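One structure, as structure tokens, below. Some questions next.
By letter and in written order, the chains are A, B, C, D and E; residue numbering begins at 1 in each of them.
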Amino acid sequence: MHDPRVPEALEGWSVLHQMFRIRWADWRARPDEERRLLAAEAAGALAAMRREGEGASVPVTLLGHKGDLMLIHLRRGFDELQAAQLAVAGLGLAAFLEPTTSFVSMVELAMYEMTLQIHRRLGERGLEASTDEFEAAFDAEMDEQKKRVAARLFVDPPARRHVCFYPMNKRRGEQKNWYAESIEERARMMLDHGRIGRHYAAQVTQIISGAIGFDDWEWGVDLFADDPLVFKKLIYEMRFDEASAWYAEFGPFYVGLQFSACELPKYLAGEVPKLLS
Amino acid sequence: MHDPRVPEALEGWSVLHQMFRIRWADWRARPDEERRLLAAEAAGALAAMRREGEGASVPVTLLGHKGDLMLIHLRRGFDELQAAQLAVAGLGLAAFLEPTTSFVSMVELAMYEMTLQIHRRLGERGLEASTDEFEAAFDAEMDEQKKRVAARLFVDPPARRHVCFYPMNKRRGEQKNWYAESIEERARMMLDHGRIGRHYAAQVTQIISGAIGFDDWEWGVDLFADDPLVFKKLIYEMRFDEASAWYAEFGPFYVGLQFSACELPKYLAGEVPKLLS
Amino acid sequence: MHDPRVPEALEGWSVLHQMFRIRWADWRARPDEERRLLAAEAAGALAAMRREGEGASVPVTLLGHKGDLMLIHLRRGFDELQAAQLAVAGLGLAAFLEPTTSFVSMVELAMYEMTLQIHRRLGERGLEASTDEFEAAFDAEMDEQKKRVAARLFVDPPARRHVCFYPMNKRRGEQKNWYAESIEERARMMLDHGRIGRHYAAQVTQIISGAIGFDDWEWGVDLFADDPLVFKKLIYEMRFDEASAWYAEFGPFYVGLQFSACELPKYLAGEVPKLLS
Amino acid sequence: MHDPRVPEALEGWSVLHQMFRIRWADWRARPDEERRLLAAEAAGALAAMRREGEGASVPVTLLGHKGDLMLIHLRRGFDELQAAQLAVAGLGLAAFLEPTTSFVSMVELAMYEMTLQIHRRLGERGLEASTDEFEAAFDAEMDEQKKRVAARLFVDPPARRHVCFYPMNKRRGEQKNWYAESIEERARMMLDHGRIGRHYAAQVTQIISGAIGFDDWEWGVDLFADDPLVFKKLIYEMRFDEASAWYAEFGPFYVGLQFSACELPKYLAGEVPKLLS
Amino acid sequence: MHDPRVPEALEGWSVLHQMFRIRWADWRARPDEERRLLAAEAAGALAAMRREGEGASVPVTLLGHKGDLMLIHLRRGFDELQAAQLAVAGLGLAAFLEPTTSFVSMVELAMYEMTLQIHRRLGERGLEASTDEFEAAFDAEMDEQKKRVAARLFVDPPARRHVCFYPMNKRRGEQKNWYAESIEERARMMLDHGRIGRHYAAQVTQIISGAIGFDDWEWGVDLFADDPLVFKKLIYEMRFDEASAWYAEFGPFYVGLQFSACELPKYLAGEVPKLLS
């Protein structure tokens, strides 16, 4: 059903963020040879997870106590995410990883403008909402869109050094309530919101994923940039647009350094791991 | 007493959701033979819990850190739920299961329309509320209804791969307060809310359970679907109806894959377990 | 001082609720003989705690992860509660009990109507509030009341199978604020609230205790019933009365099965323990 | 600077509340002789902390799971508090103490009336706020006050059996905001609030400490009484005054029994420890 | 892009606050010689982290249970912060340090007045916002400013004994919403807010860092003073200015004693460590 109040969305990768604290003291207490073997096993497993068209698993070393290591798994579906979760749990290294949090979602493109347009277009063709003919025509339009944006739905995470992840909600307050605003109002605010993002497009890559029905927040945001100051500037600036000022609720922020799977052994030996190009 | 402000409800299964994190590293450290025995014992116990008319215990492997394994126990009463809880605690496998959360409730059908109708009908018959005659006539009507919907109150969980569970409340805010709205208003909003559910009826099976007096949220919602995207679409669409936009408060979401009890040993060996038909 | 805004209350038992998770795996790992001895010691200690006029200690096995075992200690004062707490901590079984939460309170009867009446009566006798004569006359009236309701203040917990415990507050919101309402309004709302309770009087026994100054919520509610469905019906119905809809804030709910102290060894052996009459 | 909106305060002892859970099972597992030595060492150290003019360390055994033992350290400054903290951490007993929470503050007397008076008086003398002359005259007045109330700022905790501690804030809501009220209004409400306290003065000793800049709540309140029922009556009555009803936010409550340092070994052996006079 | 609603900010050091609880009992259980070696290693590593122009790592011993040891790392960038985090995790002492919390941010100077001035000045020069010419002229002005305040952006933490750290947000309430106020209003309130700080300038050194995009609060505040009472007076006074009364939300407060890295071994031996000049 295509409810005219609801912006259509297109979905791509299924996504699992895993955050782990490393039990450094226990790890360092193990013999050198054991550590070498376990680090190599883990690095190999992570590297093998980046397969053409099947998604990747991006390793990030976090700043602060919320976690040392974040893995972002992108997969075709939930069975594949469960396989990734089990593969990590099955590593010898897992005995030294303490899960601190996680996030389950699907890459998503919200289509506010498109939703309004299609409803208008089908209305002009004389199709009535909720009829089979309307629904079929709508689905056909959406399939078309999906093909057009497939590259963004099944995006390859960019090789940028700094990563910022946070979940967020739209507020459902007793007075300010996103879900009680008209779709025209919401579309207008999201357009304004998107404008800021586009000004930073060269400096930051953004992947939005939807988590309604999957996790405790409605959306997850992953930002990738060469300079972490861009995260601060961009998010601060957005805080003043109407959609964020009145309607955004932010969860915890995770910030860190993306690195190459093959650098994992160096990281586990206490060196800052590199992102190799 | 049948208070005209209060929608009648019919209750079925007593339900216990148990979420566990698996201590994978400790588990993997045990000898193969021990693991084989413990896994077989647990699989056998779970399989034996599905008995005609006595309820079932549905195993689900969760995505993310909130738990690895969810068991949904449906039973005739609280003594039987306690027996299930003790049976799980008594498994050899329990030494590797860390309880992370749980939910206690009863399968429930809310009867908004029916409540209004019976009050109207009994009023037309000249019966006065709170009299013994009224109460008896009301109870008789409800017994009739209960027989009619018994299959939905003592439902067998469907063999669909994806499971989504979340608890929720109706808001009692200082301005927006569900319990201060008239029953006519609430009935109207629930009707609208139910309409969305019915559009998705073919794609998703929904089991609502009431937890007032039993747990920290007022209701629990279990959804079963072949495609997890349906959870996202359905819950997002519902977020725009009046009952949800203004009055719903959502707890944590749990999402995962239902599997067959006999697949538990494979799961414990690190494979994604299947749902066999 | 008897402030006319403040409803008088009469207090009885000092109460300590203790919730414990049982470390089942550690417990089961102990030799049979040790378990038998420790279970017998604990059962004996619990049974000995039920002494005529000195209060009791009621064991309840809980559903869900919030705790396996709840002990409700009723005593003459806080020294006696501390003695009970130390006695439990001194059991050999205590090594397998992990305290998850607790609640400290005093059995309480709130006297809204009585407060209004006495103030009125003393006023009619020409006594002026805050004078020594007024205070003495007031105290005399309250002593009289206390004798009248002594049995309810030092109640013996009923032998009913199902137990529900939850703490609650009256809301002090920015707009809806219980403590800013007049005592007449509060008395009216509590009367209405109490009416629902009285409809269920045959089916459920209620013990209210006050925790202001002792614990993080203002009141604790213990309900005892043969059928747990009564908890759900009663609390749901109350949610619609004015005092609850606008002013009640609820804490976590604990639900379980009362059992006899002599059944503790069976429980610790994995059986659902009985409540013997 | 003496801002006319800000009530002056006078400060005395620096205060550290430490709450500990005792690992009873681990403790009881130690040989008698070791326990005897560790208990004697701890009792001696605590007793030695009560030194004329240098402050004291008050031991309290708590009811419930939030902690078994609370130590209230009163000292001349933060270096001395850190020394007390290190001294406790250095006891052999510390291996059996698990810190659950704490509170850092300074004994404080708020001078609402005095602040208004001094501003008025200096104004009448023709002194202008913010000038050096005004500031010096103000400081001189405050020094005078400080001498006058020195005994209350460096109070010796009274030898009363029951202790109640809780932290609190003044609300800064979107509508009800303590810090946006005029000082005259705040002074009026605090006067009313203080009146209730004075009615209970014979039954309860109150020590207020300020924690702004030191801990997560703005104030800490310690109450000492022979009868714990007084805590309940006093705090309930206060809940109806304007300052509390609309502006108070309460943190967790801790209640227990003060005891003499020399009784610590008995406590550690499982007896309720006494407060010796 | 220079949005006229957004106050410009200049950034300096990248900052990581790490809070640790020390496992005192485990530490004390180690042989003297081992402790001596580990303490010396840690003291040496900390001392070596203070390098001209490359930032410092400031050790602070905290009061209360939220942590025993706080390290404030100031660095040139996030790679350098990650190196510091790994260096601490790699110490032998790390086995006795339990991370309790942390904070990731960048030293920041907010330029409210300057932002308004530059926009005005460029407007007077006839430059139009969002044009390349405008942006370039704006960037040039900011670079100029950055040189002027470099010493404050890359500040050396002062050798003052007492340290207070807390994170904070500006409120985005349903009625009171900082981000929905005009920049002129915000600039006016911040000016007023700053005035209080300047009155205390001689007594307290303040370092503000921005955490938007990096951590769960928007800003972190570090205060350094000889007398801790100044923290209380300053923050209490600020609570009455409009920017704080209506718009500030405060996180947890951490307070303690700065000490010299070479005093770490004494601290680990149970003495209060000194700040050597």
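Criterion: a contact is a pair of C-beta atoms (placed from the backbone, for glycine too) under 8 Å apart; a residue touches a chain by one contact, two chains touch by 3 or more.
This is a predicted model, so every value here is computed, not measured.
Novice: With over half of the numbers shared counting as same, classify the chain A/chain E interface as same or different.
Specialist: different
Novice: What whole-number Å value describes the gap between the mean CA coordinates of chain B and chain C?
Specialist: The separation of the two C-alpha centroids amounts to 29 Å.
Novice: With chain centres defined as C-alpha means, what is the inter-centre distance between chain B and chain E in Å?
Specialist: 47
Novice: Give me the residues of chain D that touch two or more other chains.
Specialist: Within chain D, residues 174-175 contact more than one other chain.
Novice: Is the way these chains touch best called a line, a ring, a star, complete, or other?
Specialist: If you draw each chain as a dot and join those that touch, you get a single closed ring.
Novice: Beginning with chain A and moving on to chain B, name the chains as they sit around the ring.
Specialist: Following the ring from chain A in the direction of chain B gives A, B, C, D, E.
Novice: So in the complex, which bits of chain D are touching chain E?
Specialist: 1, 3, 5-6, 9, 11, 14, 16, 18-19, 77-79, 81-83, 85-87, 89-90, 94-95, 99-104, 106, 172, 174-175, 177, 179-180, 210-216
Novice: Would you tell me which residues of chain B are touching chain A in their complex?
Specialist: By the definition above, chain B touches chain A via 21-22, 24-25, 28-29, 61, 63-66, 68, 162, 164, 171, 173-176, 196, 199-200, 223, 228-229, 231-232, 234-237, 239-240, 244-246, 248, 252-253, 255-257, 270-272.
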